[in-house]
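Handing you a structure now.
Letters A, B and C mark the chains as written, and numbering starts fresh at 1 in each.
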Amino acid sequence: MLASLEGAVTAAVLALTAVGLSLVFGIMRVVNVAHGEFFMLGAVLAWWVSSWFGGHVAIGFVAALVIAPMLVGAVAALADVTILKRIDYDPERTIVVTIGLLYVIQQVVLMTYGPEARPVEPPFNTRLALPWFEWGENGLQLYWPWGLSTTSYKLFVIAAAAVVLEAVWLLMRHTKMGLVMRATQLDGEMAQVFGIPVERVYAFTFGLGAGLAALGAVLIVPIQQAHYLMGGDPLLLSFIVVIIGGLGSLPGTVVAALLIGMSDGIISVFFSPTLAKILATLLVALVLVFRPQGLFGTRTA
Amino acid sequence: MTETAKAVILHLGLIAVLFALQFVLPAYHHGNMARVMVLATYAMGYNLLFGYTGLLSLGHAMFFAAGMYGMALTVRHLGWTPPPALLAGLLSGAVLSALVGALALRTVGVAFMIVTLMFSQAAYLTILYFTTWTRGEEGFVLQQVQRVFWGIDPSDPTTRYFLALLVFATCLMLSLWLVRSGFGKVLIAIRENEDRAQMLGYDIFAHKLGAVVISGTMSATAGAVYALLFGYAGASFAGVQYSILPLLWVLLGGAGTLIGPFIGALFTFYLIDITSGYTSAYMAVVGAVLIALTLFARQGIGGEIRARVWRGLP
Amino acid sequence: MSLLSTSGLSKEFGGLRAVHDVSFALEEGEVRALIGPNGAGKTTFVGMLCGRIEPSAGTVRFDGTDISRLPAHRRIRAGMAYTFQITSVFARLSCHENVALAVRRRKGNVAKDVPEALRRVGLADRAEQLAGDLSYGHQRLLEIAMGLAQKPRLLILDEPTQGLADSEIEDFVALIRELKAEATILLIEHNMAVVMEVADAITVLNFGEVLAEGAPAEIRANREVQAAYLGTG
């Protein structure tokens, strides 16, 4: 039960990050290898912003929650316009260039922020006991066992992620922006003919994708610390999620994130974390080889 | 002079220059150049697949590591002498690349890149998982006595330089022969237009698989020789970074040219050597060069030579 | 016995019947034209013959054996050659190397057969040029040279005269006449003058089905064909 709550926190952040990656892939057909670094950048900026704001920790945190994703999104949009656009989103060159971007971002952070891991304080962190049901003499009984507790902040992370994902879904399905983005996804050239500013849509999408990763990172820094190498795992996990969920499919991505985030805790009960990672990476490779449409998808990627 | 004669003279000339350099260069550079030649051999292996066949792998570190550990583990745990251990390294690379190729070649393009990346990541994690034997990230050292064979001592700087040169020269001339052979020309045809090559009656899968195995085995050779010459094996050589570096070297030196990998490895090595004197964040340079190359010089140095000086540059 | 035959050959693209239940036979030494309006399924049909497209149903026999399960390169090796509707050459290789790749596959004599094939299509003096630098029409001819160089028993040409100048079309017609003695030819062609001049027989495809088959004169006189294709009536 507790493991699954921890798992839900992982899953929530993972879902945000992976949906960012999936959006970018789905709409722009770009595999963004630097995605993990946008995540890391979000965490590091969160530390900066929150330590810059004085006063109550909550003020700093809320500021970080708004500013960090915006900044990261802006950096990403800039990278899109100055680099990706100029190579015409050629798939292979895009990968090479985003690898370059990965190292540049990571190493610039190393030069400025340094090699230390730093914590960000959660805005609130009340311990909450959780109820437990059990069959007693009088039928189903409710307990409040001492060991079963979580913090209010973790519940907040889960709720916040759910709200943001819902918002992304609404954006894609029910707004003009979403319509325009989906039209671009179907056929970039056609969209251009119909007067859709494809270039701006791409820049926005790339920024939004990176912003979502950064948001996930801001949410997680009060639990994990910000460190310049923290982008590797989210990148790998997001890849796994996006591939298993079916490339570019948002619902598939969210389902896969839940599955992987939740099972992460459970798997590591049976296997060592390294072995779990080995199995997960092999699984992804084999899914790509034998079921490129993902485990849940039906359309061909 | 025929194109063939020109090509042979150019590459033999490079080997001769490297031979002469040993007598000219100050001692500090001997170790560096030996390393560059071994890494260039790795890059040549990579280039056979990327530059000549048109398949972009993001997982060649697993082949390099297969050679390195195939050699180093048999020496350390089985007490083998270097010659059979080197062979074990090559064989590990050949077997692993055949396996990975057979699976990964069922995908194309971006999926191929990701699949190779994932397999390589799994290989890296496997090395970490068996830390008891591999000593994980920290790695282990092969003692001098374990590395001596046939009265040759690879830890002696001069010997090391010439051994590196021998391996580099052999692989260079083998590659030259390969890319001018019928098989190599089919690889180039596949790179240029896979559909057309297939409709000329060539078995695309078999040729690609052949390319993966040759490329993987050459990379493994470099890994095994690295362990022999520098007496060290560590998991970082299996990490993502060591899959990216040969891509960078080849892009910089010129994909699909034989001298490109050497030029790229040499240039990058000294660039990193110099930068790391100033900052620990030297990988930023690697990143920036990758971006700049992709944006401004897709052909690399070798490609520019081919475009401007000699179209027949192999 | 026919050199090539199909029975019940069909292809559906997600519900769209591109080719439906085509049974077809080609005799050795014949020049057959395959005609039909745009989207009739001609390219799809020949794609299934040479293994580029997997049929939804039906079989293909070549030279007496069932080749339905063979991959494309094995069919080519069995003696087919194919030129693409959308020109497909090795743009960054020389014309000589383009043709040499075709010759080497059948272990032929590069020094002799490459210049010979280039000469026959009139590109002898361009051997060292990069294929990508040729004009569109010349690239088409180069692709035909690659077909010839394979010395195939069956040569499949998908709209070879598209984009050729009138004088080049005349040369092409002469070339096909000459080739008749060496290979069986299946020719997809929109230029009716060319068809009437070179074809021994014509098969008309419409909406994926065989609408008519017969000698050029018969086809020209066939009312259905006129209605569906020639648009004259």
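Methods note: a contact is a pair of C-beta atoms (placed from the backbone, for glycine too) under 8 Å apart; a residue touches a chain by one contact, two chains touch by 3 or more.
This one's a predicted model, so the numbers in the text were calculated from it and none came from an experiment.
Chain-to-chain contact here is organised linearly: an open path runs through the chains from one end to the other. Centrality annotation: B (chain centre taken as mean Cα position, compared with the mean over all protein Cα atoms). Averaging Cα atoms per chain gives one point for each, and the point farthest from that of subunit A is the centre of C. Chain centres here are Cα averages; for subunit A and subunit B they lie 35 Å apart.
Mean C-alpha positions place subunit B and subunit C at a centre distance of 43 Å. Averaged C-alpha coordinates put the centre of subunit A at 52 Å from the centre of subunit C.
Here subunit B touches subunit A in the complex through residues 56, 58, 103-104, 106-107, 109-111, 113-115, 118-119, 121-122, 125-126, 128-129, 244, 247, 251, 279-284, 286-291, 294-295, 298, going by the rule given at the top.
For subunit B in complex with subunit C, the residues that touch the partner chain are 182, 185-186, 188-189, 192-193, 195-204. Interface of subunit C with subunit B (complex): residues 50, 52, 71-73, 76-77, 82, 84, 88-93, 97, 100-102, 104-106, 146, 150.
Subunit A contributes residues 31, 83, 86-87, 91-93, 95-97, 99-108, 110-111, 115, 236, 239, 243, 272, 274-275, 277-278, 281-282, 284-286, 288-290, 292, 301 to its touches with subunit B in the complex.
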